[in-house]
Each structure stands twice: as C-alpha cells, then as structure tokens.
Amino acid sequence: MTTFPPNSALLIIDVINNFEFEHGKILAKKTLHIVNPLKQLKKYFKKQQLPIIYVNDHYNLWQANLDRIVKSCLNPLSEMILQEIKPDEDDYFLIKPMHSAFYETALNTLLQQLHVNTLVLTGIAGNICVLFTANDAYMRDYQLIIPRDCMASVDDRDQSYALTMMKNVLKAEIIFSNDYIEN
Amino acid sequence: MTTFPPNSALLIIDVINNFEFEHGKILAKKTLHIVNPLKQLKKYFKKQQLPIIYVNDHYNLWQANLDRIVKSCLNPLSEMILQEIKPDEDDYFLIKPMHSAFYETALNTLLQQLHVNTLVLTGIAGNICVLFTANDAYMRDYQLIIPRDCMASVDDRDQSYALTMMKNVLKAEIIFSNDYIEN
Amino acid sequence: MTTFPPNSALLIIDVINNFEFEHGKILAKKTLHIVNPLKQLKKYFKKQQLPIIYVNDHYNLWQANLDRIVKSCLNPLSEMILQEIKPDEDDYFLIKPMHSAFYETALNTLLQQLHVNTLVLTGIAGNICVLFTANDAYMRDYQLIIPRDCMASVDDRDQSYALTMMKNVLKAEIIFSNDYIEN
Amino acid sequence: MTTFPPNSALLIIDVINNFEFEHGKILAKKTLHIVNPLKQLKKYFKKQQLPIIYVNDHYNLWQANLDRIVKSCLNPLSEMILQEIKPDEDDYFLIKPMHSAFYETALNTLLQQLHVNTLVLTGIAGNICVLFTANDAYMRDYQLIIPRDCMASVDDRDQSYALTMMKNVLKAEIIFSNDYIEN
C-alpha cells in the first residue's frame, strides 16, 4: 500500500458545475463516474487531517458566496453530483476567475500557510482546468499526484493526452486512487 | 456639482471586520463615523448603476462564504457597522488573503470585465489596506479618487500621511463624498 | 492574402537556447527548420512596424543581460540558430524564470503599453513553453495566432497535440506563416 | 556587533537612474550620500557570500540589457553614482516595469531558489519604490531590515514617514548599516 506524502493537499477543481456548455451532458455523465473515488479520497484526507481545497468557477456571480454558487449550479444534470461532492463546512473553498486554480486566487498563499508541497489534483475538465492548474502548480514548484479515476474530460483522447503531458512535462505521478487509500 | 467618471467603481475595503486587534476599539469608533457617508455613496453608485465591490479579509476561514465571514465578525464592536454597511445580494464580494485588494484576488479581471478605469477607494484601515490597494491600483493604471470621509485609520496622522502619499505619489484625487453626490 | 490584425505582436519564445537537455539535439535540428520562416515573419513585422518581443530563459544567470545570455548559449548546436535569429537592437527582450512567458515577467504590462491584443506565438518547445504561454495569454484575454511552421517540439505527436489543444481549448488560429506574409 | 541573518539578501532598488524627473537633482544629491555606506554593505555581503540583487527600472528600453540601461542613464547627474555602485558581473540584475521590485518580475522565484527569507532593502526613492517593494515583500512573508543610511528620498519628511510605516506596519527593523558590518 503506497500512501500520500505528509504535506499533501487534495485539490478539487470545478466540480460545482452547471454543465451548461457544449458537451456538458457528456462531461456530467463522466463526472458521475469519478464521484465515488473522489468521495473515498476526501474521506481519506479527512481522516488523515490533510487539507481539502475546492477551487471553483464563480458562475459570473463574482461573489465569494458558496451557497449562492451551489444554488446557481443546481439543475437535473448537476443535482446528484452536487449532493455527493459539495464542500463541507470545514473544507476550504476558493473561487477562481479563469481556468487555472492559481490565477488571481489566494491558493498559493493558503498552501504555504498549510505547509503543503504536494498537490493531489482532481476534478473537471481534466484537459482544461485541471491541466492549467497542474501547469501553474509545476511552475510554483509543487509535486503533483494525479489520481486518474478522479479526473474527467469530455473526450477520452484529450484526457489521455492531458495525463501524458502531466507525466512527461510536469513530472506528475499518475495513480489510481484506491492504490493509495485503504478501503 | 462634480461627479464621478462613467467608468468608476466603488471599492469598499475590509469593513466586514471584527476589530479584534491592537487599537481595534479606536478603529471601530472611527469606522462608525464613515458609515453614513459610505452608505450615501453606495446609494449613489447603485442609482447610477455603477459597480460596488467589497474586498475583504477572510478571517482565517479561507472560504468564499460571505455569510460565514459576516457571522464570524459579529460582536458588540462591529454589530452596528455590519448592520449598516454589509454587502447586498447584488454587490460584488471578493476575499483577499493579504493587505492589498489586488494581491491574489480576481479584482483586476473583474474590473476589466466591467470596463472600470477609475476606482473610488473607501474602507479601513486607510493607512494600511486602503493604501496598499491604492499602490497596486496605481501600478495597474487605474485612476484613483479617495473620498476622505469614507476612509478611517487608527491614528489621525497616519490617515493624513496616507492621503498625502496617495495624492503626491499615486496622483489620486482626494475629495469629500458629498461634493460629488446629490443628497 | 490574409494578414495579421493591426494590434498584433510577434512573440518569440526560448530560441536563445543551448539545447543542453534530453533530446536537445533533436530539438536543435527541428529548430533549424523554423529559422527561415521565423526570419521572414520577423522581417514582415518589422516592415509593418509591429512589435517583436523575445521572451527567453535566463540560463541561471538571473541577469537581465542579453549579451551574456547569448554568449552562454553559444555552442555547436546553437550557433547557426543564434546567428540567424538573435534579437536586434530594437527588438524587445525579456527574461522569464519559468515556462510561461507571462509568469513573473513584465510581458503583460509591455503588451498593454503597446496596445497589443493579438499574439503571434512562435518558438520552442511548442508543447511546453509555447503552450504554457498560450494558456496564460488566453487567460489574459489575448487573441492567438500560431504559425505552425515557426514552432518546434521534440516529438511530432506532442507538437500536433499542442496545436490541437491551442485550437480547441484556446481558440487559437493555426496558420502557415507564408499564407499571411508577402514573400 | 549585530549581524545579518544567514538567509539575507541585499536588494538595491533603482540606483541605475538618470534622475530626469521633478526634483531629480535633489534625489541625485541625496543618493550620493548613500553611495558609500551602500558600497560597504555590498562588500560585506560579497565577503559573506550572500546574494546581492539589483532590481531596476528599464528606462523604456523594455530590454533585459544591463549595458544599454546603464549607458542610457549616464549623464552628469548620475555619472559618479553609476561609477561607484553599478552591478558587478556576479551580481543579480532584474528589470522591473513598475514601482515594486516584485511586480511582474522574477524576484520572488529567485529569492526562493536562493532560500532567502530576509531582505535588506536599499536604494531610491525610499518613499516610493523602496516602500512599494517593502509592502510587497511583507505580503510575501519576508523579514525586512532597512539600513536607513542606504535609502534616499527627495523629501526628508517623506523618508522619515516611509521608515515609520515600514517599522509600524511592516515590522521592519530600521538600522544603521555600520552597526551591522565591520569596517
């Protein structure tokens, strides 16, 4: 049983989502598949008292207001996902204005305060916001671990290429989450 | 009657505050004096349909959650201020991790989306977070207008020097709010 | 004959290079193939009085010193490339600490001063520094044009996927340079 | 004899200067007074093998080209200063686009690579670029030491207020350089 380094944080990107965009239906469906492993991962991080950080689009509210963002995303496509995976009271939650979770957010300062040096990256879409975030994390010198069963993309080839790029260019470790956690 | 330029936004810094720091009592008292002019200013900006943007400390919650931040700040010192001046549903609200409202926040992107080029800076403390924000605004090429009756500092000389610095170094226009708005 | 928009700038990434890394020899060889179209493109931008901006690694000198950087990169692999394509006296030249040309550089401020809204991205490696730069440009709202014959990567599939990603995710226009310039 | 902490770096702001601005003559004259202590400080840092980092305006060249910047600044006002205090081959040298040495520069990444956590801030103008830099350093969690005899401002009261602000707001240690170095 391998395990996460002691200074890891779990990053969950854009899972508070309305899926109202081209191919949103496909992404919603694929996101449903990652909900369970992601929940297990959250549970594990919580048990280990490691930080869980959501970084999410603000859905044009431009308001740091978790409840309103969740409410504005609620629709038949997102309902089950939101129910299962929305932030708890004690999870960190930041909004981001663009794709990368680092761009114009307090993420880097939060990670430094928490003495995090390893990011376990999850969420959607794998080839867009997760990949942009991985790039920015790499430039800021974080180690990257990508549980491939906790990341979803519209297109399977895009997902696969994003993983390849994270591995080859960003030196990320690509894993399956249940190889790292006790069930 | 002078008036604000058409691409102005009202920035309100750190008024959601628990005043739990050295000289916090003094600052709370001085903040009470700016509540009324600030309310008038908000009313005016709302009538003109100009943006009102709160940027505020997150009080170690690191959670984009307006309600929890307001709640965590509520105490006898802050109560009246919060009642009078807390954000409305349609005001923008961003959290900031450090002093400047630009540092690791989405403020700049929001201002660009709103086509804002002039910032009307208000809030507390005038010689710290408001001044840091003014510096960063100046480096990003925004025009600055400072209604001196809507900004408070613990120490009167610090307040006065901050104003002087904004005027001389940052080319800010220092005004009294009621010279700019109809009562 | 299509042409570049009036507010375009030519960005040339990391061509001042020592190629001293894994597969550096391959990249040097591929870079030789882009030298000629890139020279034509430079000539065209110069004739149109459009800005030409080099953004380049500092080769651990951490010194804003063009001559020393060029000198430190000079070796049999780079010699011909440097001869042909090194910055002229009147080209802009910025050093960057990491992959993206925007990360911790003055590029964004320079582009704003020059009223640039469209970036013509060239250089090496296409799937790394050029792609990272493209991502950051997109988040900052620049239009992107990629002359595919002026960008090189070690691996052809990586090059091709980078182009696909720029097209699909970043809405970049992928072109051949000589469709845009008179020869 | 007090001494600098082991992870200190000497920051020298904007001393490569043409003094061609309002009150430039006054600032040039005051800068002459700091040249000697600053040289001693440089010598001390060099002997201790601690990093010396110049961060400087680019004088609208937008070119990372130390020689051209020095040359463009050379005039009767600056000549003696440049002669005495210009960067050596082995000093770090970064250009900055605006007032703060951190804004759109690689300074933070350089400092992290050098494991610096304490900045000894020097240069001109004390109440503008040095103060802006101090603010940004404080937000990035650096300890600050200000040798007051190595910092110059046009106006003595502005200099004095900048020092007060650094001390009270930014928790900087205000010193005289020769209390810290052996002569």
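Note that the chains are named A, B, C and D in the order they appear, and that numbering of residues resets to 1 at the start of each chain.
Please note the rule applied: a residue touches a chain if its C-beta (ideal position, glycine included) is under 8 Å from a C-beta of that chain, and two chains touch if they have at least 3 such contacts.
A quick map from chain label to UniProt name: A, B, C, D = Enterobactin synthase component B.
Remember, predicted model here, so these are calculated numbers, not experimental data.
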Query: Where each step is a move between two chains that touch, what is the least number of such steps from chain B to chain C?
result: 2
- prompt: For chain D, which other chain has the most distant CA centre?
  reply: A
- request: Averaging only over C-alpha atoms, locate the centres of chain A and chain B and give their separation in whole Å.
  value: 33
- prompt: Roughly how far is chain A from chain D, going centre to centre by Cα mean, in whole Å?
  reply: 41
- request: Mind pulling the residue numbers of chain C that touch at least two other chains?
  value: 98
Field: Touch list for chain B against partner chain A, complex
entry: 58, 62-67, 69, 91-98, 104-110
Query: Taking the complex as given, what residues does chain C use to touch chain A?
result: 98-100, 103, 127-128, 132, 135, 138-139, 158, 161, 165, 169
